[in-house]
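In the two complexes that follow, chain A is the common piece, with chain B as its partner first and chain C second.
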Partner chain A sequence: MSINISHLTKKYGAFAAVDDLSIEIPSGTIFGLLGPNGAGKTTTFKCMLDLARTTSGRVTYDGKPLAPALFEGIAYVPERSVLYDWMNVAEHVEMNRRSFKRFKPARALELLDTFGIDLRKRTRSLSKGMKTAVAVAIAFAREADVLVLDEPTSGLDPVNQRHVLNLTINEAARGCTVIFSSHQIGQVERTAERIAVIDRGRLVLEGAVDDLKADRKIVEAVFPDEKYSLDGLAGDRRIARVDRSGRIVRLMVLDGAPEFAHRLESAGGAGVRIVDLNLEDIFLYAVAPASANTDVVEGS
Partner chain B sequence: MLTVDTRSGVPIYQQIVEQVKRSTALGVLQSGEQLPTVKQLALDLTVNPNTVARAYRDLERDGVIETAPGRGSFVKSDGATAPARLAANDVTRAAVEGAVREAKAMGLTRNDLRAVIDTVLNRWFPEEK
Partner chain C sequence: MFYVEWLRVRNALRIVAIVLGVMFALVVILRITLGSPAAQYDWIFREAGKPGVHVSQQRQSDGALRTTIDDPAKGDHIVIVDRGWHGKDITITGPGVYTDQNNVQVGSVGVHGRHVAGGSDVVQINTDEPITARILLSIASFIALIVGTVLAAPLSKENADHLEIAWTKPLSRTGMALGMFAVDAAGIIASMALSIIFTIASIALFELPIVVIDSQTLPVLALCVLMPLAWYALLTAASASMKRGRGAVLGLGWLAALIVPSIGLGLSAAPIPVFHALGVAFSVLTVLDPIAYLHLSMTSSPGNAEPTIGFAFGVLSSPALVRAAILLLLAAAYSALSLLQWRRLEA
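Let's look at the complex of A and B:
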């Protein structure tokens, strides 16, 4: 099921938690939503699920707005678990069996076992990570068409984090559309085919993970003195930002790194090198405020 | 056999391509040997299946592997050593490319570099001096 988020805005008073956000998520793909704390990721999820009233814009599933008929096929793992303290784990499984026709109790029990969770435990006595694991196991037994996962690995040990990621890959492989947020950028890079970075409610970067890494580079050069000119590069839209520090220039380019390396050499630069960026670097550049020595040429 | 490093700036599919080529060149992967399915390798490495599929497509394009629909992907077996040799060339070219770029950035001239390379070649191929 494809998801289309179109010009989504959510205001709390004058404050826009989500500001004109548009994202397209093709059916059967894993989409990673990244952003600093308070960027609007959770609010976006809540608006997608009608858990918060949208100020303007719309979210559609296969072109249709969210309606009760779709609830069965959409599973949500919120950032803070919504388990009932007084119930044990087995009772949560039972509650979901009664609520959702497609829910597979045997699958839930199998997943809970994988995570090493005791079914008789009251959820009150579970650690934060174990609560996450219970919520994930139950959601993944829903046979959902859409999975919305808000920090689905938070508090889990590395082995169980891997379990969650591999389960997510499996879900997508059977056709489920997954959107998830995480501060563990390495995990997003492994599992998501596309990502969006939001900052202060606004989309600052969107694309295929492999393309972003293959195209975005830092091109660095050292000039003999500080009296160099980069006029030849002015206005090139492929340059996202220019950092100058004395004789050193670092260009962050969106594409065409070898060409820029060549042009910096022609301009008299020495020690020209192209630096690869990992997704964390790309994320940090996308949300970093420009310093006094920085010319942000383009918003992305 | 393969690993993925997300701290690296190299896209994951390219990391897989490079490692399969290297394994082929070193004979760790032999002609005719079967590679894991896309889904299996995706789960082994915990990466998106499309990333693995893209790596396999690139390896096919570069003549290192071939895919038989329904049977899986195999290291190419025609001419036995051809894919290994091809892979070795690719791996080596990438390494030399990096070294030459670095040398140029530090101000070595073409002749300086030629002298360095000759010294290295003489050391590793003394019999062909």
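Let's look at the complex of A and C:
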């Protein structure tokens, strides 16, 4: 099931938690939604699921607006636990069995066993990580068309984090569309095919992970003194950002890294090198606030 | 789809069953300790075996066995009409058999006596005194009010951290809320059934309970069922938008529901205009208060005059069926108010 988020805006009073956000998520894709705390990721998920009213914009699933019947195929794992404290784990499984025709109780029990969860325990006695595991196990047993996972590895130990990522990949292989957020960018890099980075409610970066990594390079040079000139470089739209730190200059370029390396050498730079970026670098460059020594090229 | 609400209802009914079970055990102990209310007249049956006492028996046309015991030595004349499962009527005539303390009714056993001039008293013991269904229903309605309070505010309970579960089920918000109301309503009615069973069983420990169903039973049944439902709906509406603090609404709700009619009643006849105006205001609130109808359902009886409470614009003293209709309207209005809030909530 494909998801289209079109010009989504959610305001709380004058504050725009999500601001004119547009994202297209193809069917069967694992899509990572990244952003610093308070960027609007959870609000975006809530608007997608009609848990919060959108101020403007629309979200469609296979071209259709969200209707209650669609929830048969949409599973959501919220960022914080929303389990019923007074119910035990088995009762949560039973609740889902009674609510969703496609829910597979045996699969849920198998996953809960993998996570080491005691079915008889009331959820109030579970740790944060165990609550996350319960929510994840139940969601993955839904045989959903769409999985919306808000920090699905929060509180889990590294072994179970890896387990959740593997399950996510398996779900996508089955044809499920997965959209998830995580502060563990390494996990997103390993799992997601496409990502979007939002900051203060606005989309600042979107694309396929491989393309973003292939296109973006850092070109770094050291000048003999601080009186160097970058005339002709700063205005180039292929440069996303220029960081200056004393005699060191770092250009984040979107395309044509060798050309810019040559131009820095021509300008007197020494030790010029082209550095590959990982997703964390790309994310940090996308959301890090510009300092006095940073020139952010508009429109890149 | 409404499994969570069903679990809440199950838990509430389990507590009701435990409480009623404990109370029943106490009644059993009471029954064993005190014996039957008619036990003080056991001497009647011993009397028949004494020398000089004349006993005769005769089958009546209605099948009842009539036993007559005459004790010439004491001057007692006793007639026992035994209708088997339908109880006994015992009439004792003799000098000094009656004291004023004898006029009692416990359950279906009634003891009534009178002094007769000339020293020959009469005491009548009936073990088949009828119990009106209205009494049973009123007791059940009170239990249901408590259960209704426990189950009330389901929307607030979901609003406190569970909307992400409730609203991602394949059902509309309205459908979800109405389903929860229906499950809770079934639980409230089930609690009434439990308490009726408990009451009848408790009476049966003493004598066979005979429940009289008359022309007023149906309107009072409607009143007694709708009252806790309207109360549940009121509390649900008052708390629907709340994430926290619904306990205060439920607790203070009872307090307000009991105080408002008292103030309305006390001030509506006040001669001072300010107080009178306050009394009118509280009278309006009283009409909206389902608990205000409780006392009236307990006292309404075809044989007795309806309570004549002039305040609250006479609504509370209208016939039971009219009051039931008003409660139905209140329940519907409070439910609609709850739904309006529920649809506007955000997770």
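Just so it is clear, the second predicted complex is superposed on the first by the 294 of 300 C-alpha atoms of A that agree within 3 Å, B and C clash if a C-alpha of one lies under 4 Å from a C-alpha of the other, contacts with A are read in each partner's own complex, and residues count from 1 in each chain.
One rule holds for everything that comes next: a contact is a pair of C-beta atoms (placed from the backbone, for glycine too) under 8 Å apart; a residue touches a chain by one contact, two chains touch by 3 or more.
Quick caveat, the model's predicted, so the values are computed rather than measured.
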item	value
First, second, both or neither for A:R190, with chain B first and chain C second	first
Partner chain in contact with A:E259 - chain B first, chain C second, else both or neither	neither
Contacts of A:G271 with chain B and chain C, given as first, second, both or neither	first
Contacts of A:D157 with chain B and chain C, given as first, second, both or neither	neither
Chain B versus chain C as contact partner of A:K213, first or second or both or neither	first
A:E110 touches, of chain B and chain C: first, second, both or neither?	neither
Chain A-touching residues of chain B, taken from the complex the two chains share	4, 6-14, 39, 42-43, 45-51, 54, 101-102, 105-107
Footprint of chain C on chain A - complex, ascending	46, 49-53, 68-72, 74-76, 78, 80-84, 87, 91, 94-95, 98-100
Of all residues in chain A, those that touch chain B in their complex	30, 162, 165-166, 169-170, 172-173, 185-186, 189-193, 209-210, 213-214, 217, 270-281
Chain C to chain A touching residues, read off their complex	1, 3-4, 7, 161-165, 167-172, 175, 346-347
